[in-house]
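All chains are identified by letter, namely A, B and C, in their written order; residue positions are counted from 1 within each chain.
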C-alpha cells in the first residue's frame, strides 16, 4: 500500500503533499482543542500501537504473503478523526525515515491516501453509518467494518488517480496496473475490515467506554461528515469502474475506425482520459470480470462480517446489562 | 539546606476519596509530616497507597476540581487546589513505579531536561541541571543514550535524575525498589539518603523502608491503621501480620530492645 | 525491531544533518525528473548513491537483504503495465525507467536512514519549521515503539505457551486480533499514566525542546 519514490511524478507528489500538509495542520489545531495537554501522549501512543500492530501477521491459506492491519478506521474510532489522521501520519513518517518503507517524496501522497482518505474519510463513513444504524455502541462494530473496507478501496482509487496523472500517456494503457491495484486492495480491504472488526469486538467486551457511546452531533459536523463520507463511497465505487472504462473505446474513435479515417493526435484535457480511447484486445476482458467479481465477493464478505461481529457485540451488551455493568 | 523541624511540609485533613464505581479508596485520612522527615507508607495491595500519593500533587481527583475551600491536602501550608497546581508540582518530585511510564523522550538527556524546560529556565541553566542530576545519580556519561538500551535500575535512576533536576523540596516515591536487583536497590538507597528534603515512600519493601525512614504509616482499606516510629511499629509482629505485612529481616536479625 | 541509534562514525555520519536530508531529497527529485530518453543519467545517479553507501559503511549483505525485500514487489508492479500490452515498446521503456528510478530513490533513502539517527532527524525537522506538536508526537511515538514491541513479544510468548498448534485459520486470526486489542488497551492505560508523569513535572501542553548547547566549551 505504501507508495515508493519514483512511482508518482514530482508534480503529483507536490500537489498531494500540499493537501496533506493542510489536512495535518488542521488536524493538529482541532486536536489541541479536543485533547489539550493529553494530545501528545495519547496520539503518540496510539501511533506506536498502530505501528506495532501493523507488524502482526495474519496468515493466508497457501499464499506466501500475509494480511496486516492498516489501522485508519481503528485509530479514528478510538480517538476520533483528528488523532486518527495524525496517528496514521506519524506511522507513515516513521516507516519512511526509519525503515525506508514508503518514499520520502511520496510521503504526501501516502498521507493523503491513508491518513486523510483512510482515517478522516473512514471515520466519516463510520460515523454516518453509526447514526443510520442507531447511534448506540452496538452499531459501532458493523459500521467500522464497512468503513474500513470502503476506506481502503477509496484509497486505492486515489492512488489510481494520482498514478493516472503521473504516468498517463497516449502510448500505453494503464488498465493493467489499475486492475492489479484494485484487485490487490479489494483483498486488503476485506482483511482490514475483518481485522478491524475483530479488534474492536475485543475492546468492546473489555473496555466499552473506549468506543464512545455515541457519535457527536451538530449540524456542521453532520453535514461535513456526510459530504466526506459520500466522497469516500464514490471513490470506492469508482475503483471498480476504473479498469472497465479502459475497455470502451470512445465513440468518436469507433466512428473513425469504421469510416477508415486515420485517428489524428487530438489534444484532450487530462492525461488520464487519454487511455480510455485505446481498445484492449479481447483476451484481456478477464481482468475486468475478475475485478467485478472481487468487488462482489468483497461486498458479500464484508457485510457478512459486519453482521456477524455486530451480533457478537449485541450478545455481549446483553450480558453486560444483566451483569450490572462490571466489565473489568 | 537548613531544616526547620517545626515547619509542616505536608498535611492531610480528613481526606476521603471514592473510585468511580463507588468503592472507598481513602477513608478520612489525616496526618502531618514535618520538613525533612522521611515517612514510609506501607500496607497490603489495594490499600490505597498509590491513590494517596496521587492526591499529594493533585493528580487525583482527575481532572482536579478541588476549589480553595475544599482543600484537604496542604503542601507547605498551601492547599492543593486547581489554581495552585503549577506551584505545588514544582515543590514535589514524583517518582512513579514503572520507569517506562516516566521516561518518554528518545534520549536520556532530553528526558532529564523535560522538567527544567517546563520551569522556563534558559538553555544553559537546563543543561547545567541535567549534568548535575546525572552526576548525582551516578550516570554522568549517559546523556546521549537511548533509554531502551538501559537496565531497569539505570532507567529508574534516570527517572530520579529527571525529578531531581527540578530541585523539588519533597520527594514522593511509589514503589521505588520494584524490579530492581540488589545492587541497583543499594544504589538507590544511597542516593535517597543524600537527599535532604522531605520524603514520602509507598513501598512493599519493608527492609528498604526501615533503612531509609524514621517513621511509618500503615494504610489498610483506605484508613491509617498505625502511625509511629519505624523501628517500634515494624517490630510489632502482630500489627504487621494483621495488615498483610511482616517484620523486616533487619529487625528479626537485630530486634529492637523495647 | 526498529533500529536503535547505534553510534557510528563514518565520513557520511559527520555531514551536517540539514545536508543529509537535503541531499537525499535532491537525489530523489532528480531521479523522478530525468526523462525516459536520458536514462544513462539515472545510471550515473545510481553510481553516486552506491559510492555514498560505501562511505557510510553500509555492508553489502545489508544492501542485498533490503533489496531482496524491495525488488520483487517493484518488479511485479512494473510488469503489470507491459504484460497487458506485450507488443507496446513504449510500455516496456516506461517500466524499465520506473525500475531504475525507484531503485535509485530506494538506495538514497537507505543511505539517509543509515547516516541520520532519529533524534537528529527530529532536530532537523524542528529547524525546517515543522510544527512542534507533530515533532513532539514523533519523539514520543519513537520511544514507545520500543516498549510496545517488548510488550507485544511478551503477549505473544504468553499466548504461544498455551498454543498447541491445532487452531483453525479463523482462530489464529481472532487470536492475533486479540493480541493487538490487548496491546491497545495496555498502551492507552500507559498513556494515561505517562500523562500523569508529564503533569507531575510541570507539563501544560506547550511543547519545549532542548536545543544545542549554548555554553562555552570547557
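Just so we're on the same page, contacts are C-beta pairs under 8 Å (C-beta built on N, C-alpha and C of every residue); 3 or more make two chains touch, one makes a residue touch a chain.
Since the model is a prediction, treat every value here as computed from it, not as a measurement.
Enquirer: Suppose every chain is reduced to the average of its Cα atoms; which one is closest to the average of all protein Cα atoms?
Expert: So the chain nearest the centre of the shown protein is C.
Enquirer: Which two chains have the greatest number of C-beta pairs in contact?
Expert: Going pair by pair, the biggest contact count turns up for A-C.
Enquirer: What is the chain whose Cα centroid lies farthest from the Cα centroid of chain B?
Expert: The chain farthest from chain B, judged by C-alpha centres, is A.
Enquirer: Per the centroid of Cα atoms for each chain, what is the distance between chain A and chain B, given in Å?
Expert: 48
Enquirer: What whole-Å value do you get for the distance between chain A and chain C if each is reduced to the mean of its CA atoms?
Expert: 22
Enquirer: Rounded to a whole Å, what is the gap between the Cα centroids of chain B and chain C?
Expert: Distance between chain centres, rounded to whole Å: 40 Å.
Enquirer: Check each residue of chain B and list the ones that touch at least two other chains.
Expert: 104
Enquirer: Taking each residue of chain A in turn, which ones touch at least two of the other chains?
Expert: 41
Enquirer: Touching at least two other chains at once: which residues of chain C meet that condition?
Expert: Counting only residues that touch two or more other chains, chain C contributes 118, 139-140, 142, 144, 147, 190, 194, 198-199, 203-204.
Enquirer: Could you please specify the touching residues of chain A with respect to chain C in the complex?
Expert: By the definition above, chain A touches chain C via 4-7, 9-10, 13, 24-25, 28, 31-32, 36-49, 51-53, 55-59, 61, 69, 78, 86, 89-90, 93-94, 96-100, 103-105, 167, 169, 171-177, 179-180, 194-195, 198-203, 206-207, 210, 280, 284, 287.
Enquirer: In their shared complex, at which residues does chain B touch chain C?
Expert: Touch list, chain B to chain C: 54, 57, 59, 86, 89-90, 92, 94, 96, 98, 100-107, 109-110, 113-115, 117-119, 123-124, 126-128, 144, 146-149, 162-163, 166.
Enquirer: Hey, which residues of chain C end up touching chain B in the complex?
Expert: By the definition above, chain C touches chain B via 4-5, 7, 118-119, 122, 139-140, 142-144, 146-147, 190, 193-194, 196-204, 208-211, 213-215.
Enquirer: Under the stated contact criterion, what part of chain C meets chain A in this complex?
Expert: 2-3, 24-25, 28-29, 31-33, 66, 74, 76-77, 80-85, 88, 90-91, 94, 98, 101-106, 108-110, 112-113, 116, 118, 121, 131, 133-134, 136-142, 144-145, 147-149, 152, 169, 172-174, 176-185, 187-188, 190-192, 194-195, 198-199, 203-205, 207
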